[in-house]
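Before anything else, here is the set of structures, which you'll find just below.
Presented sequentially are two complexes of chain A, the first with chain B as partner and the second with chain C.
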Partner chain A sequence: MPKRLNAVVSWVLTFLVMVIIGLPGLWVILSGFRPNREILAKPAVWVPERLSLDNFAAIFGLGDTQVAIPVANYFANSLVIAVTSTVIAIAIGMSGGYAFARFRFRFKNGVFLGLMLSRTVPGIALSLPVFMVWSRIGLIDTQFGLILVYVALNIPFTIWLIDGFFRQIPKELSEAGQVDGCTRWQAFWRIEFPLARSGIASAAIFAFLTSWNEYALASNLTRSTDSKTLPVGLMDFTAQFTIDWAGMCAMAVIIIVPALALTFLVQKHLIAGLTFGGVKG
Partner chain B sequence: MTEVRLANLTKAYGNMEVVHAIDLDIADNEFLVLVGPSGCGKSTTLRMIAGLEEITGGTIHIGDRVVNDLAPRERNVSMVFQNYALYPHMTVRENLGFGLKIAKVAEQDIGTRVTQAADILGIAELMERMPAELSGGQRQRVAMGRAIVRNPDVFLFDEPLSNLDAKLRVQMRTEIKKLHRRVENTVVYVTHDQVEAMTLADRIVIMRDGYIEQVGTPLEVFNEPANTFVGSFIGSPPMNQLDGIVRLADGDISLADGLSIPIPQRTRARLSEGQKVVVGIRPDDLAPRGHGIHDSEASAELELSVSISEPLGTETLLFTSIGGVEVQGKMLNPRMVAPDERMKFVLAVDRVHIFEAAGGRNVMIDN
Partner chain C sequence: MKAKMDRRLGRWALRPQSIPFVLLLPAILVIVFVVLFPLIFSLYTSFTPYRLTRPESLWTFIGLRNYRRIFTDLDFWIAFGRTILFLAVVINLEFLFGLLIALLINRITWGQRVLRTVMMFPMMFSPILVGFQFKFIFNDNIGVLNNALQSLGLTDQAIAWLVDGWLAMGSIAFAEIWMSTSVFAILLLAGLFAMPREPIEAARVDGCNNWQVFRHITLPFIMPFAFIAMTIRSLDVARAYDIVDVMTGGGPAGRTELLWTLIARTGYDNARMGQANAMAYVSIILSIAFTYYFFTRLVAARRYMGGAA
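Let's turn to the complex of A and B:
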């Protein structure tokens, strides 16, 4: 039964790959619910003896062992920064994507290529120049400073993705709408926008996750509770000689959960967006 | 009362002019068909009337308004697109009612008008379906329903049947004609299919390269083509066109291969000795003796050998050649034709068209 065998082999391989990808994550999540001493125990304790919320209580300043880390502030910063930068990036991505898909203008291809090329520069390479500029104009350690960086980081991608979705919508639909009595603006919102919604949603998720998870730039541009985000906050658990793995993992869980929830919520759209991106010429 | 008037209408993309100062008056309730080969500017002209394409020069009147600077929605026209352009996220009912909803017509009136349009087009059972769940022909009907429901002054059609299979196309053609009879609106209809143009039109406009070559009723453009282009474009199979030289003394026009035909009576006064002309012969007018449509008229005989014959049932197309140029004739009440058989063809001389060799203008038409 070679066919059966085939299925088994591919199932096993898939399982192995998923284990390799998933296990560290699972370990982090589990560790979030275990005391530090169990995490560091030698030989390793594979199956937790007891799961508790003590770590979470600790980092929120409740319970017996207090860890002085302002998680609530970090969470608020992360949320404000990720949401605001996503909203702005999507607004610009929608206008830009629409313009690239629908209008003819000078240097269109050049501008588009430039946008795409800007994505080849790793964000971290920009951190020093950005740091210097930001410090000169006083944007270091502000939410606004980070929002600006993330917007810039996300725009090329959102424009590219949304452009592709608008391109797929025949322009006759908007034209039919206009002949039917719409202004161009109405035709956009009533016809083109609903059709591109899944693309816009996936662009938004990608932008949100990028901002939510970003560490390298944020660690350079933030200093205090005014602007530090959750990933940067993780480093608070490292002292000179010790690392509070338990607290760190608990906080990682706090970072992962909203991202995971969001991804599940819009999974269907996300897949549409991804597979679509795959065939876009 | 909605006439449409195009005056000096010009369209350029950048430096490239694609519609050259055309003039056209379209009467109220007229069914006008724009026809021409691909890229001749039909769609562009139609889209300028709709307001979807900016006008580079000239004016467009709809009714007694100059609409040059009006948005599409202010022109009270409706348009059927080649790909139907149904809104994919709306049901058929919503598609039909969309324009009325935008115009803030009362919910109840929308209902009645949509139902009425659906009845006219026979799509009442499809109302709750999405466009993706419809066949090509059904989509076509919905698109037309959406156009009539708003009761516009002018209907614009851009090759609405070209995505349908041949049989459905013929059927929808008839329905469009009936529909026009019923709703009595001014129609501008674009197609590149001359049969569609002939069968639907009150008047046909033949375009080429952004110019209007001729405007006339189907019979006018068929019987008096303004030039060689119109001659070959209208009519199927296409008109045969042969080079010839006028010999007034002999009273004939000599063709290649030592053949000649008498000068058609009506053109005689317009020809001069030695003039180079193009002789246009429709396949209908060239038939083996006893097998023609116009046997009884003034005729000339040509003996030609038939290379290929294509039987179509009621008639057979015969392929022969004169001076190396392929020439088609038509045989009614066909009999079997042997390969390379030499046959005596009868030419209905007075139905032959004579064009000037330079420029291709029909000698009967004054410019």
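Let's turn to the complex of A and C:
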């Protein structure tokens, strides 16, 4: 009987934990579909009377009520910046990760340590000097300026993950390919790359999410609709006298959705990647 | 002359022992240009009274005066101490909750995969969203928490979660813990999954009770996984900046000011770039110290396991 009780207690506790993890996000998502006056209502309205896409239409400037915040521009900026910086970071990270996984060379540990240390610099501390340099060479408030920063931000972790995935592939496979007449370049693309592909894909998802979610640097390096991203745009709402909670929640949904979708895709590799890279070192 | 240089460079690049350096060159170039070079520049400006509003002040050298000023500034030390305290409390609680959740889920035999996926959501949330989410929930007027407390009749007034100094700090810590506990839970769970059964069975045969098995077998085995989580976590300690910036902006009256929000205020709002850069260097050293500490603990824990993990 105590065993039965034990199981019930674990289930109740687990349920509680999941509620605490899940509920805040769900509440924000739900509020994105509710009219602002229902959110502001006193006493609180618990059961929504009507759910609609009005808030989304409004922040994209499609509905009857116009919102002065150009969310469509921010969305486009976020997408362009996150995708471009991910593609570049993965290309650079693949070549760097391969170098660490397959070659012995001088200063190997030093270079690795240096790359990793560059990631420990807090975003806000890095933003000051980058702001000064970028404003001198005209990269402030440009998509390219932010892409460059995000590539640098993503390189260390990308190299770390991809290094781990390449190491899982036995060296002998590529060597056998070369014995059979492949060049090293061909052996890489035909043998090692396909085997590491899922790992590289998860590194790409991480890089995308880092760029998509970043705030400390973006908020200081962007000014206008030319380069502002969604997380920076979210703060536009608070600058107004009355906070448009419904609009902010709708915008939050737009930021969350890609993150949730990608979580489903990446979860299989996430744990493998993190523990593998960390424990086996 | 140039053609000769090019040819020599070409020959160097094709030598087998230079291949790894050629492969690493793009990564190194980007890091040098975006991180190293600006940081050297900012180290220089931390020795000047540079203000954005007075560009010529970039060329005045004042030695260590910025550092002397911040080290004698009470506000700086309060923010610094609060940051250390905040990190110590938050990381320990994240480890504790993460361990409890991992042990809980490890015991459950059904639905583990679904639970693990749900646990992963907070990791994917933008810190700015986490901040906004809890600003919305903790709002004294329309927040769901106060609404719930009032509807349940537990209180009839609006509790000022984000306005009262201590409550605001607690709310921020809650947001931070909500965001990062799952990193610990997921990695510790992976550690529990990887654990061999034999030592536990052997210990039970030798008459160990549950607590002794946990304390002397399970815990040492999963500690490397905890230190991986802490290392990953310490790489990104400064993202608390995003949360604080949305939730309170460092207020009320600077009572939730952390080192990072103080840097932003000094550098951007007050335009004192030189002084802000001096503080930024303190924060960089703090981050490196955290990462270094957890990394050495990870290496030590791994060695204790005899490389078995």
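Structural remarks
Here is the rule we go by: the second predicted complex is superposed on the first by the 256 of 281 C-alpha atoms of A that agree within 3 Å, B and C clash if a C-alpha of one lies under 4 Å from a C-alpha of the other, contacts with A are read in each partner's own complex, and residues count from 1 in each chain.
By our rule, a contact is a pair of C-beta atoms (placed from the backbone, for glycine too) under 8 Å apart; a residue touches a chain by one contact, two chains touch by 3 or more.
Computed from a prediction, not measured in an experiment: that's the story for all the values here.
Considered on the superposed chain A, chain B and chain C are sterically compatible, since they fit side by side.
Of the two partner chains placed by the overlay, only chain B lies in contact with A:Thr183; chain C stays clear of it.
With both structures placed on the common chain, the touch criterion links A:Val83 to neither chain B nor chain C. Comparing chain B with chain C, more residues of chain A are touched by C. When the two structures are aligned on the shared chain, A:Ala57 is found in touch with neither chain B nor chain C. With both structures placed on the common chain, the touch criterion links A:Glu172 to chain B but leaves chain C unconnected.
Of the two partner chains placed by the overlay, only chain B lies in contact with A:Pro194; chain C stays clear of it.
This overlay, made by fitting chain A, leaves chain B and chain C with a least C-alpha separation of 9 Å. Those residues of chain A lying in contact with chain B across their complex are 170, 172-173, 175-183, 186, 190-191, 194-195.
If you check the complex, the residues on chain C that touch chain A are 17, 19-21, 23-24, 26-28, 30-31, 33-39, 41-42, 45, 101, 104-105, 107-108, 115-129, 132-134, 136-137, 141-142, 144, 147-148, 150-151, 178, 182, 186-187, 190-191, 194, 224-225, 228, 231-232, 234-235, 237-239, 241-242, 245-246, 260, 263-264, 267-268, 273, 276-277, 280-281, 283-284, 287-288, 290-291, 298, 302, 309. Contacts from chain B toward chain A in the complex involve residues 50-52, 71-73, 77-79, 81, 83, 85, 87-89, 98-99, 102-103, 146, 150, 156.
Chain contact summary for the complex, chain A toward chain C: residues 10-11, 13-14, 17-18, 20-22, 24-25, 27-28, 31, 39-40, 42-44, 46, 91-93, 95-96, 98-100, 103, 105, 108, 111, 114-115, 117-126, 128-133, 148-149, 151-152, 155-156, 159, 209, 212-216, 219-220, 231, 234-235, 238, 245, 248-249, 252, 255-256, 259-260, 262-264, 267, 270-271, 274-275, 278-279, 281.
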